[in-house]
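Both complexes below contain chain A, partnered by chain B and then by chain C.
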Partner chain A sequence: MASGVRLPLVRVAVPARPRRIPAWVLALPPVAALGVVFLHPLALVLWQSVSPDGGGHSFSAYGEVFAQAAFRDALRNTVLIAAGSTAGSLLLGFALALVIAFVPFPGGKAIGRFIDVFLSFPSFLITLALLFVYGTAGIANGLWTGATGAAAGPFDFLHTPWGVLLAEITYFTPFVMRPLLGAFAQIDPAQLDVAASLGARAPRIVRQVILPEALPSLAAGGSLVLVMCLNEFGIVLFTGAKEVTTLPVLVYGKAILDGDYAGACVVAVVNIALSLALYGLYRTLTHRIDGAHRART
Partner chain B sequence: MNTGIRFDGVSVAYGGNIVLDALDLTVEPGEVMALLGPSGSGKTTALRAVAGFVQPVAGRVFIGDRDVTDLPPHRRGVGMVVQQYALFPHMRVDANVAFGLKARGVHGAHGARKAPRDEIAARVTEALEMTGMSAYARRYPRELSGGQQQRVAIARALAVRPGVLLLDEPLSALDAQLRSGMLAELARLHRDLPDVSMLYVTHDQIEALTLADRIALMDRARLQDCGTPQDLYRRPRTEFTASFVGNANLLPVTVTGDGVRLAGAVLDVPAAGAAAPGDPATLCVRPHAIGLGEGPNALRGTVTEVQWRGATHRLCVDVAGHRVTADVRELHETSSLGTEVTLHFAARDAVVLPATAAPVGPGGGAAHG
Partner chain C sequence: MLVHSRRARRAVHAAFLALFLPVFALPFLVVLAASLATRWSGVLPAGATLEHYRAATDADALDALTTSLLTALAASAAALVTGTWAALAAKGSRARRVIDLLFMLPVAVPSVVIGLSLLVAFSKPPLLLNGTPTIVVLAHAVLVTSFAHQAVSAALDRLDPAYEQAAASLGASPLRVLLRVRLPLLLPSLSAAAGLCFALSMGELSATIMLYPPDWAPLPVKIFAATDRGALFSGAALAVVLMATTFLALLAVSRIRTRAVHR
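Let's look at the complex of A and B:
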């Protein structure tokens, strides 16, 4: 309904809105830095793998490398050792974290804190320590020869796949324990008390109460260890395991010892693809576990 | 089924610090015993000693005729409900309730055989029906309210048909309205399960008075008093009992030959062995037992505070330097501050207690609440 009253027009000063910087502009510097520092060298590796020494571009280097028995051995060793080390680290890490978190003993907290320090150690240091203990001239063999008068001790496995496995499990177990200890700290102790009062023994409590709560942390620690094991170089080198060639060691051999850069790049590409594939598979599985866990809690 | 709990001189210490001191207490089969006391009084420690989570440094714990002192928790055959419910978050409600049945078998604490699946299902259904949670069987704990979670926790404890049910401040995480409802539910459950002995730890006197057949009052690691709620409330034996169970005016008096003297006024209240004539004692009168106006055992004083509480008025009156609190029916004309008033009480509503050197426990000479 028209009122017939005419309102005066008033010019209102609208404060100018601050101009917003587009998100893509903000993202540009870190992406550019990532590209220069990481993606560009990666692209060079990829490019080199399809650039034979004779010139031009082809996948012939892939065919040559894949045909080599040494490559197939290295691939098998890499997968087996990484899988074994991850499984071993998960089992040992879970058991040790359980003891530290739920079985009170003097020094338990100090050990928990030492785990953090352990994470900062370089991998070769652990391998070196194992050499001092289990090496052919190590403490264990020294004790044996001293006690039995034998010429040599029985411990001679560090240069075998088992030695690499032992060193990797020793080194990577704390990487599983750290997130687990955090997860265990979140579990209400009353749940464990109630479970025990309901008649559950320790194995059932671990299996049905603690483990389901710790699964996401176990998955996180396991995925980290898997990727690190796939790419571990120092431990294999320091154990002096001549019969144990993994993909990173093969890259080193081809590039530095043989001067076969195209071949080294092929192996490196395979190593990267393998890491991404296994990691992707692992994350898919753990994502399902984690998703189900979140849905429940 | 011979249930019941017996503490036989049970002491518990943590690193040389005594947290439960020589507790002697018997919970009869089918009885609800409330362990009431302030924080740090040792009541939860006593409950945990029954459950097997703390090992006594002295004494024995019996469940029925069995000495369970050295048994691990999973072999004691008790049900337990705790303050924060402690439901297993990754299990649905029915799985939570079935946990104990799977762990110990349907026969309870000593059932060696595993429970058949249909028997477990039947027992889960029964426990959920008992607590009114049947409709929520397929939910996860996070999908339930606090009160519903507590019902599930109770169903979980009852599903194993324990002879002894331990409840550790089970309602303290609930709001006042829910708490009141759950209190009635627990009372109903006790009526439905007359053979189950319940040890109920609380610091809330209302919960203890409402639910318990008897109350064991604890303070500073020791059992201070034990009796029916009515006895402890109406005829307390110590100042601590008087002040902790209900509200009380605790007034210093001197015993005379035929009563007690308070600030010159002689009151006709029998001391009955609390103290010899001429000795100091403490007069205990509940605020609701005090009337306004002339009557027997009159006390004159000055109004220092008036609180309207709906159906009642609370008057705080200074009687010769002592604060006396009276809960009287709603006044049509309230006394203004500084007004001189007369209070009175019947001799049967007062108790003379032995005097203690210092005020004990909450209250310390004046009514609270």
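Let's look at the complex of A and C:
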């Protein structure tokens, strides 16, 4: 009597789905925290820059600051040093990453990890080190005076824009190398072998196979470094150079040394505008790379 | 393999070392050597001494080190909680692009300006924080939150959704899924983010110098004060203490991470 077997009807208790809190409510606390300690203070800086001490609102502070030679010098210095450092870091970073990735040698991996540690150290250490290497009493000048018997060595550029440039290139090159090493890892080595077997020599392979592949990371790394150079403060401060003033140094000088907060706010707004414009460019580039990457995989 | 001939390869490696060593390895060695010397007017430093380290571990300097450590710990904790929370809330939300953008903004704003803005905002009641350690911690937290947020966001994108879906289908509440599935899976990235935040905060100078109160001067400020008055060698010793502490913290964090990955 097989048909007589009746399966018991099992009732499964379906748990009532808990009511979910809407996503925007969950996002509120961190965004509010950011608003209080970052966005609101930033807005106050903007507000202060258009509110002169006498009351009312005007752009008079901007006119005053723009008319100062110190400000124009700082603006020029900032842009020139940032552009030069970025170009230098890109060149050096590309060359070094190329060797680590494609002309491998024992210990290359360790160097890759060393770069990560390097990234987390403060920038002013570089200037401090350069003071011992190229300073008035440093290795380079010591070598020179030892060899020639002269009273002083020829290296005296640390207090000039060139010293800042050298320090910034040293510090920011790893920021270019890291994304580049990532991009190089994606290149199939067979591609290089094919190009080589077809008769392409190393410079041509670099130009026609590797460079197009690395261009997005170069652009992204380059614009990030450009923004960071525009905002760099520790390196310039540590050179102790009175004649090298950049926008962040001017903000510090006006606010802390002169107590001129309105002027400091004006310079700060100019600096923010410059950096944000470039940062927007950086985000656009990285987004496009992400998009291209997803499209390919 | 880009370069096939052995001689050319050697030449390339020699050029690499000629560029890499002076630019990247030399700074650390130079600072280390200078911290042990009394004068440097030749190829090598002269007058070996431990005097600078004795000065770098006196009450004043240890105070600065403690200040740096406490600031970095507090700022990293705040940044990690805020950044992780924002990343978790942004995931799958329509406002994700806006939230990501907001949390990336502090990277683009100069640190000096962040210091200035906090001074402008918190120098008058109702929130009078100027002159307290809190304002230093706040500045560091703002500066490193972006890095925490970015790291956790990227890790969340890589996370296999199958685990949380399985947990949810078995009836686990969203809170339970978060605490028992998502956060444990995120632990390696969280600890990496914590290490980065800690290291960045330990070396922060630009915003700190704008707003530190006299009784809360972190180590980088002390290093600057030393080199500014010409005491380069004691500055170097303080810098070595800073680097060593940061390096040890990074090492400890990476050990936690290895254990978390193996579990």
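Basically, the second predicted complex is superposed on the first by the 261 of 297 C-alpha atoms of A that agree within 3 Å, B and C clash if a C-alpha of one lies under 4 Å from a C-alpha of the other, contacts with A are read in each partner's own complex, and residues count from 1 in each chain.
In the analysis below, contacts are C-beta pairs under 8 Å (C-beta built on N, C-alpha and C of every residue); 3 or more make two chains touch, one makes a residue touch a chain.
Predicted, not measured: the structure shown is a model, and the values here were computed from it.
Judged by the touch definition given at the top, the superposed model places A:Val133 against chain C, while chain B stays out of reach. Judged by the touch definition given at the top, the superposed model places A:Ala32 against neither chain B nor chain C.
With both structures placed on the common chain, the touch criterion links A:Leu198 to chain B but leaves chain C unconnected. When both complexes are overlaid on chain A, the residue A:Glu213 reaches chain B alone and has no touch with chain C. Which of chain B and chain C touches more residues of chain A is settled by the count: it is C. Using the contact criterion defined above for the overlaid structures, shared-chain residue A:Asp188 touches chain B, although it does not reach chain C. Comparing the two interfaces of chain A, the one with chain B and the one with chain C have residues 193, 196 in common. Remark: chain B residues 51-53, 72-80, 82-84, 86-91, 99-100, 103-105, 109, 140, 142, 153, 156-157, 160, 166 touch chain A in the complex. Listing the residues of chain C that touch chain A in their complex gives 1-4, 8-9, 12-13, 15-16, 19-20, 23-24, 26-28, 30-31, 33-34, 39-43, 45, 82-83, 85-86, 88-90, 92-95, 99, 101-114, 116-122, 138, 141-142, 145, 171, 173-174, 195-196, 199-200, 202-206, 209-210, 220, 223-224, 227-228, 232, 235-236, 239, 242-243, 246-247, 250. Within the complex formed with chain C, the residues of chain A that make contact are 15, 18, 20, 23-24, 26-27, 29-31, 33-34, 37-42, 44-45, 48, 92, 95-96, 98-100, 102-105, 111, 114, 117-118, 120-126, 128-133, 135, 137-139, 141-143, 145-146, 169-170, 173-174, 189, 192-193, 196, 202, 205-206, 227, 230-231, 233-234, 237-238, 240, 247-248, 251-252, 255-256, 261, 264-265, 268, 271-272, 275-276, 278-279, 283. Those residues of chain A that touch chain B in the shared complex are 188, 190-191, 193-201, 204, 208-209, 212-213, 293, 295-297.
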